[in-house]
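We just call them A, B, C and D in the order they show up, numbering each chain from 1.
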Amino acid sequence: MKIAFLGLGQMGEPMAGHLLGAGHTLTVFNRTAAKAEKLRAAGAQVASTVTEAVAGAEAAITMLADDAAVEDVAWGGGERSAASSGSGLLKALPPGATHISMSTISVALVDRLARAHSDCGQAFVSAPVFGRPEAAAARKLWVLAGGEPSAITKVRPLLEAMGQGVLTVGDEPSSAKAVKIAGNFTIAAALETLSEAYALVSAYGIQSKMFLDIINRLFQSPVYQGYGTMIAERKFEPAGFTLRLGLKDARLVWQTADRGEVAMPLASLIHDRMLAAVAAGHGEKDWSSFASVELNKS
Amino acid sequence: MKIAFLGLGQMGEPMAGHLLGAGHTLTVFNRTAAKAEKLRAAGAQVASTVTEAVAGAEAAITMLADDAAVEDVAWGGGERSAASSGSGLLKALPPGATHISMSTISVALVDRLARAHSDCGQAFVSAPVFGRPEAAAARKLWVLAGGEPSAITKVRPLLEAMGQGVLTVGDEPSSAKAVKIAGNFTIAAALETLSEAYALVSAYGIQSKMFLDIINRLFQSPVYQGYGTMIAERKFEPAGFTLRLGLKDARLVWQTADRGEVAMPLASLIHDRMLAAVAAGHGEKDWSSFASVELNKS
Amino acid sequence: MKIAFLGLGQMGEPMAGHLLGAGHTLTVFNRTAAKAEKLRAAGAQVASTVTEAVAGAEAAITMLADDAAVEDVAWGGGERSAASSGSGLLKALPPGATHISMSTISVALVDRLARAHSDCGQAFVSAPVFGRPEAAAARKLWVLAGGEPSAITKVRPLLEAMGQGVLTVGDEPSSAKAVKIAGNFTIAAALETLSEAYALVSAYGIQSKMFLDIINRLFQSPVYQGYGTMIAERKFEPAGFTLRLGLKDARLVWQTADRGEVAMPLASLIHDRMLAAVAAGHGEKDWSSFASVELNKS
Amino acid sequence: MKIAFLGLGQMGEPMAGHLLGAGHTLTVFNRTAAKAEKLRAAGAQVASTVTEAVAGAEAAITMLADDAAVEDVAWGGGERSAASSGSGLLKALPPGATHISMSTISVALVDRLARAHSDCGQAFVSAPVFGRPEAAAARKLWVLAGGEPSAITKVRPLLEAMGQGVLTVGDEPSSAKAVKIAGNFTIAAALETLSEAYALVSAYGIQSKMFLDIINRLFQSPVYQGYGTMIAERKFEPAGFTLRLGLKDARLVWQTADRGEVAMPLASLIHDRMLAAVAAGHGEKDWSSFASVELNKS
């Protein structure tokens, strides 16, 4: 298939590489052009604008940082309100083609995109992923898929090329984002849990690692083992995923819950702890640190 | 070894059975005598008082409901303050023998017991367990051990006979209880997490079981799988472990944290949710229900 | 002065009336035209579009429900992104005139409006109010004012005509909204406080009103007296200010705190309680009910 | 009346002084005898034991630090369990006399005292007070009274001599303590509220004092004015009432709520914040600081 890939960050770059490896024709675009060089060497075309990238594409994949970045690409850069300006994905993607949104963005934006693509005669699939950059590189991501079954079927081979499995969630694109956001919440909740438990046992003279070793018998989970070790060792730098991005996700949880009229007190607690940690200057540490760092403003 | 076993509830009875099975000489005591019949048939002596049960024992094991029950047994029934009355374990257990406290009780009481046994020339080991009645029956409990190394060594064969492994925690008996209490907290936190996540995705049309199926790829944990299924199916009766007992444990977490000067906002959240659920009449349901039940007082 | 008044709800209508009473020339606009009839009878012009209302005005006052309504009026109705369409306040208000935003809206929108008006050569003053409809009618509102001192000075007589006093907050329009939003939070916090305290004493057989009578000796505050009586009597209908609107304000608190990187756990608690109460069907009750209603979904 | 007064702290000493001033015959007792000298000079007898103090008294007043201190005095010092030892108030107070418990203690202990005094043929009145040491000195305390009406009537003149008014709460002694504890909670909640609101507005460039000046128009309360000024000025030393004692009260709120099966999320939040502040070394500052101090452990 002829594919446009927009956004070559720590996640996007290896994901695009897997598509090339699976034999697809790829045009890539990134705001910072230098990041495209490795993919160019591997056979990708490099576009200098969104319009150029998606011209003639059967599918356009976005893997961008946040709502604002996706809005820029979709409706055209600069003044975000200028839907009419013609420089965005919505305008340039051929009718019948599919936009696959893989970024972690708000369900509100997903709903807006779904309507806009429908208006433009394009298909829209929401396909957020679970996994960190190492998993993206190793093709170990789990890919969620939300959207009309026929649209998902058409792009399924692309999704399969980027991860270890595709999990179809529902007919609404927003459903896949909601699952992704809720999944992130469950991980963040495990971080809060481990941090509080470590603090408790340490007040009684017990090392965090010994405690982890014990509860590993109960949980037997790579999430507890992996993050539990990081927190016990206080290895928060360099960050695999920054607290600042973790806070962004916590905001998405809050917004998704608020929009769905679901009270989530634990999600609120996590947001507030992350916010306090970022305000105290820990935003560039690994997000697993959020409930373990000191809250003195420097 | 000659052992006294005090407390034959859902946990204590199978645990005592394993000791018999391992060839130890056992005298049992339970407030409700009828519960001892099965063990009598299996070869245990049945005592009608605590004093009688522990007379001549090398080790006395307590597996009782709560602080109050352990205090009754330790210092003698009736007026709890009458330490001098002579009807309790502290008075009747031979010097040099060991009290193994396996109940989930407060660290404050553990500290008091440790001092009192030391005053009486007896050893004291704290050995709480992880696992529900099925695990006790199947000898799948994990046994924690806190206390002087020599004391633990002496009773280690008993502890091994009751579970799948013994995890030595520290020299202070209270350390083992703190680990047990913190471990319970981590499980309760997973229940809160799953309940909130289910509520969130269901607002976007996603079935809890589908969500669980997806996050199982991340967590790969029997705790999430097991409790996640119970909560998704809302199978809260009959209770494996009642919410009323879960609330008791949540109180222990709070007290342990308060005593250790450790702020645990998630533990407070869980306590408050359990309290509200019990107040609304759900105390006899399974504790996994605490964040999913309705809060209308009937 | 020649004034346009946009938004004739329970608050706007009496406020516009006071301006007429003070001798100003008034043109009013409301989406539902019928609401303008009383003011027409009192001497106001009634416009049928925003453009018509603000043409030739020295000041335009907006008193609207929420961010969306203010965006519609500012940038023109329909497709909110069409800033260029020419039907909004920004386009139609004469250069040199002042937009006085009195609605409770987000600081993010206030910042956007401040920039946009500056671009159009217009002044912008943020002037939210404290007080309910009765206070608006009785000219007992407190009016906050944020913006450039010269701009505030010019419109001060208008602000004074609508309330019992004008409190200048700062040079940034957003500062006045932040104070308004924080003020709302303090009231909501008093509601949560009273509800929890009543629940506590009632478990010990004490009537809420007796408790209120006692703590009134400490607080001596009309807020505690007024809301305390409503909650004690459970007089939640008809609503003076609905829970649905209270939730909107709680969202503003959250957004303002999040934007300012200030963790506010009590504000989060209040938001979550309000959200749960609205989800359980209490949205049209008075907002003072939020921590006292049952959470059974019907 | 012939009165024994036990506990001459910052509160007890001036309260005892007012009783002397009202013409009663007073015998005082304090663990640290030196504190009694001023009262001796004013005409009080000074006893060296509890037994001596209450011998022949018509009423014995306790104004002590916490549950443990009251238990010591009631059941006799040293080994608290030795109710039988004869050195406590319960043993030494004449039948028919009244114990007036004015300390802020747990409702659980109040219930135990009520039963114990009844068993000993003595009356028991619970009479906690609202007010700080300055109020005690100025006879501005509010005195709550719980207990049998006839018992309250008998000691009412004493209560009136110590404050500006007596508020009868209910027939159960515990009811007065519950009201006192709930009242303390409402004050602590106002501290949390003010601290969060100040943090919010300061992120938008607004001085705390300006904000306080504005919300004073709404609340018009000496509580907000007084504490609001302290927090705005960060005048936390010397402490009028230490954070360590505030935490003790927060624990009482938690225990009272837990016992009454009332979930109080705001009370939990306050407890956790106070605990964190004490753990970070702020225990000797004024309690109004609890939500405003930094949480770095030194």
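Convention: a contact is a pair of C-beta atoms (placed from the backbone, for glycine too) under 8 Å apart; a residue touches a chain by one contact, two chains touch by 3 or more.
Given the structure is predicted, the values throughout are model-derived calculations rather than measurements.
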Practice item. Count the C-beta pairs in contact for B-D and for B-C, then report the pair with the higher count. Key: B-D
Revision key, fill the gap. dist(centroid_CA(chain A), centroid_CA(chain B)) in Å evaluates to 41
Check your understanding: How far is the middle of chain B from the middle of chain D, if each middle is the mean of its Cα atoms, in Å?
Key -> 37
Point to revise | chain B and chain C: spacing of chain centres that average the CA atoms, whole Å | key: 54
**Study point:** Sites on chain C at which at least two other chains make contact
**Key:** 257, 261-262, 264-265, 269, 273
Practice item. Make each chain a node and each touching pair an edge, then name the shape: line, ring, star, complete, other. Key: complete
Check your understanding: What residues of chain D sit close enough to touch chain C in their complex?
Key -> 107, 130, 142, 144, 165, 167, 169-170, 172, 174-175, 178-179, 181-183, 185-187, 189-190, 192-194, 196-197, 199-201, 203-206, 210-211, 213-215, 217-224, 253, 256-257, 260-262, 264-267, 269, 273
Point to revise | List of chain B residues in touch with chain D within their complex | key: 75, 79-83, 251, 254, 257-258, 261-265, 268-269, 271-273, 275-276, 278-279
Study note, to complete from the structure: Seen from chain A, its contact residues with chain D in the complex are 265, 294-297
